[in-house]
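Per-chain numbering from 1; labels A, B and C assigned in written order.
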Amino acid sequence: MSTNVSTKAGPGAPKERLASRTAAMIIMGVSTLYFLVPIWWLFISSTKSREQFGSTGALWFADFNLFTNISNLVAYNDGVYLKWMLNSILYAGTGALLGTLFAAMCGYALAKYRFPGREFIFNVVLGGVLVPATALALPLFLIFSQFNATNTFWSVFLPSLVSPFGVYLARIFAAASVPDELLEAARLDGAGEVRTFFSVSRRLMTPALVTIFLFQFVAIWNNFFLPLIMLRDQTLFPVTLGLYTWNSQVNQIPEIRTFVIIGAFLSIIPLIIAFLSLQRFWRGGLGAGSVK
Amino acid sequence: MQLKNSTRIAALGIVAAISLTGCAAGSGSDSTDGAVECTPAEGKVELSYTSWIPGIETVVDMWNEKNPDIQVTVQTGPNGNGGTYKNFFNQLSAGNAPDLGQIEYDALPNFRVQDGLTDLASCANVLDSQDDFIDWTWNQVTFGEDDAVYAIPQDTGPMAMYYRKDLFEKAGIAIPTTWDEYAAAATAIRAQGGYITNFPQNDVNWFAGLVWQADGSWFTNEGEAWDVTLTSPESEKVADYWQTLISDDLVSKVPAWTDEWNNAYNTGSDWTWISAVWGANSISSGAPDTTGNWAVAPMPQWNAGDEKAGNWGGSSTAVLKGSEHPYEAAQFALWLNTDPEALTALNKEANLYPATKDGLELPVLSEGVEFYGNQPIYDVFAEAANQTNADFTWGPTMTQTYADVADGFGEALGGSGTLGDALSTGQTKTIAALEAAAIPVNK
Amino acid sequence: MTTEAVSAPRITPRRTPIKHKRAIAFFIAPFGVLFAAFYLLPIGFAIYQSLLVVEREGTFGKPTEVFGGLTQYFLVFQNDAFWASVGRVLLFGAVQVPVMLGFALVLALLLDSPLVKGKKFFRLAFFVPYAVPGVIAAIMWGYLYSPNLSPFAAFTSEFDLLSPSTVLWSIANVVTWVYVGYNMLIIYSALLALPSEIFEAARLDGANQWQIAWSIKIPLVAPAITLTAIFSIIGTLQLLAEPQVFRSFTSSVSSTFTPNMTVYATSAVPNVPLAAAMSVVLALATFVLSFAFLKFTQRKADK
């Protein structure tokens, strides 16, 4: 799976009819509007004062209040918003990093070693992909309660580390991209299994690992049911739960609406940055799951 | 932290053991079941308290400053049905609920059914405080029992009529004092192109407040089994009245608490709102363009000359099961909900309207309010608070009842069914829900 | 998603002792322990709870939980609200999943064709919504649908997108908006992985872009489409965050709008055993549905 194939429909292609080309570009253009106008609206709304939010044209700038809004948002409630962002980054960043490592190790073992129960383990894990995360949240709460560990960082962080889908992807990718011959060669050189994994195999699996990382990152970043059930201390909330709480209070505290909007806008920036900076990796990896 | 947790578990185990044996010995005497020994602890006590009152931290800080030995940590969350009750129930079943929690009156029976409340009757000063509180609130927290107190009343939502003084004057329509006059005014206002008010699909507890005013009640509890009376004559009278307004297109039907709804008031399309005292802020923030044009009058009456009011909302402060320090928790709850300084702060921070008789006389509550043309509107609500029927009873599955009735209201507003139908569906489904939870109910 | 395709044929004879035992244990243990603690244990616990019933005496009697066999499962099957919510998401899925995947497929094929310039830009533009969490997307669209605050108020005030009859499709649009780009990328990466010689041959035979797309590309990326379909089906049955957020914008979304919301509402009653039984039924339904879909598409592909 090379990542350098985007020149495939190269210059040799014969000229298509103009009509086809125009139709295609119109579809692309309209789709672009559909995908980007809501975000544009969010950005524009973030730059408006509370009064101008409802009263000025929604898709163009009024007075540029973005920075005032941001500083108000950051100051509100002792800067709880910044805490939420930091929490989200911790939950999703660290969680996805460790989760990817564990999934990669497990998937690698399932792909590259023969041992009894291998298929059984894999099928159980695959079944895990199909279990609704929401069905787990409530029993998880009761289990964590036994250890007096609800309403802690760990109660959200630890369950987030488990990614059955990551194991599935890692296994497929390890099977496809780490040749057995290479492992044999490493063994002949006297390298240990674990060392080989970290030095040779990991490198070969990098595009897959980035993909797993991103899946996991997004899944944790978006998860709001588990934190909703586990946490009661606002300062432990991830940003999604925080904004949800604010949004449900808009009717009682109308001035909070500005914060919901600007907070929503700021909260999507880290993800966009993560995607952009890692895109040369994940583009190759995304198709991996479908390799048959 | 580690030590604290393990001692807490040990203490819990002991409490559980004691209450288990207590239960076995005293089976049959229902009311003493949950009572705990209520004595002051030695040394410093730390309490946890969960509430969704905006700015509650400020008020709690006032207590902490004065009571270095009883330190309260407050946690805020979404409102009760928005998630906090759910958390409480989970925490109760896990045995790690906070010491104190905010619980609305309509949710108290559910918490008691789930065995989540500590009986504070044996705690110092609690029974003596009965006379401080408005009668109906005391009935809510004692469930009408003489020797049990399951929470301390916090605030209330006496209802009155907010109306657009300017529009009524301009149109030459008299301010309605009875429901008949209100219906007549509705027709006159519709002729002007406006609506007298909005009928909200989802504010079923608002509708219950109207039934409350009409001396109806949706539940009665005889000790052996619950009676569900959503379809009582009083309840149906209220439903028929509003059904006529809906059928004749005399009320608007936008979902409450949305921008559309704010807009209906802000643009003068809706003229009145029968609502609770805390609604004063909802209007002023939702309809900022109408400053100075509003006024408040008592609710329209069913019989001319009556003086009856309903209630919509209000909370209590409960000591949740499992608290190791019911004595200290009860003292904090009493202070929070009776101390003039605390009540003033709660009113300032969150517009809470006190549940104590003295609280109604607070200086902040005698001032004129600019949004209402400087009318001292709280005088109207103080009267309403004292005119609220003390015998109204909530049932143990209100969330479900609200949801089922709201579904029926939605159909009525859409034209396929009536409010009366909604109540009878609610009646049937509530009985079913009680049975599903193994709660005894008369059919 | 087949397992056979992945594992190499078993050359190793049966009774050979397992090599690298310690390495295998090292690799599997971290995930294995976490999976057992945070997946298997809660599932077992949920099943255990679903077998309990509550008993009490008197109106305020203490609840006690006793073993009740399959009682809760009978109650689940009699629960109208639960089945209404299941029906609602099935209807949702039957319309939204094909629309979304069709849309994603068209965009992927266009991106892969020589008809389109500026591929890099479009690819990014379509993918950006995936960076928006469901909760945030729902808040945003909630405002866009609002009759007064929407930039398209001229339309939304005339045509109520939040009414009981339309809100399901308004939510479908939010989900579609978030996930089209993601599904498009999966299909697009599969397209990129196809060897270009196939198309060259077809082109020399005089096939145009549409024919190539229809008769060569789509069949070849069918596995990718199957994968996206399965994840979309799972996602649909789990729908929770978006409708939950919409409750702040409209009263048309009941507390039992989707199965997961019904579970949540039931556990909030609180009726934990019934909620647990619902979760188990839902998990089984998800499992069966995805599995059936997988088998169905595989059989078609094998023919």
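Operating definition for what follows: contacts are C-beta pairs under 8 Å (C-beta built on N, C-alpha and C of every residue); 3 or more make two chains touch, one makes a residue touch a chain.
Just so we're on the same page, UniProt names per chain: A, C = Multiple sugar transport system permease protein; B = Multiple sugar transport system substrate-binding protein.
Keep in mind that what you see is a predicted model, and the values were worked out from it rather than measured.
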item: Label of the chain whose CA centroid is most distant from the centroid of subunit C; value: B
item: More contacts between chains, A-C or A-B; value: A-C
item: Centre-to-centre distance between subunit B and subunit A (centres being mean Cα positions), rounded to whole Å; value: 41
item: Length of the line joining the C-alpha centres of subunit A and subunit C, rounded to whole Å; value: 15
item: Subunit C residues counted as touching two or more neighbouring chains; value: 148-149, 264, 267, 272
item: Per-residue overlap in subunit B, given as positions that touch at least 2 other chains; value: 86, 90, 93, 259
item: In subunit A, residues with contacts to at least two other chains; value: 54, 138, 142, 248, 251
item: Footprint of subunit A on subunit C - complex, ascending; value: 1-3, 5-8, 10, 12, 18-21, 23-24, 26-28, 30-32, 34-35, 37-39, 41-43, 45-46, 49, 103, 106-107, 110, 112-117, 119, 122, 124-136, 139-141, 143-144, 148-151, 153, 177, 180-181, 185-186, 188-190, 192-193, 196, 200, 203, 208-210, 221, 223-224, 226-227, 234, 237-238, 240-241, 244-245, 247-248, 260, 263-264, 267, 272, 275-276, 279-280, 282-283, 286-287, 290-291
item: Subunit C to subunit B touching residues, read off their complex; value: 53-63, 75, 146-149, 162, 164, 249-252, 254-256, 264-265, 267-272, 274
item: Complex contacts: residues of subunit A adjacent to subunit B; value: 54, 138, 141-142, 145-146, 148, 150, 228-229, 232-234, 245, 248-249, 251-255
item: Residues of subunit B touching subunit A in the complex; value: 5, 8-9, 50, 54, 75-79, 82-84, 86-87, 90-91, 93-96, 98, 257, 259, 282, 285-286
item: Complex contacts: residues of subunit A adjacent to subunit C; value: 1, 5-6, 8-9, 12-14, 16, 20-21, 24-25, 27-28, 31-32, 34-36, 38-39, 41-42, 45, 53-54, 57-59, 101-103, 105-106, 108-111, 113-116, 119, 121-123, 125-136, 138-140, 142-143, 158-159, 161-162, 164, 167-168, 171-172, 175, 180, 192-194, 197, 218, 221-222, 224-225, 240-241, 243-244, 247-248, 250-251, 260-261, 264, 267-268, 271-272, 274-276, 279, 283-292
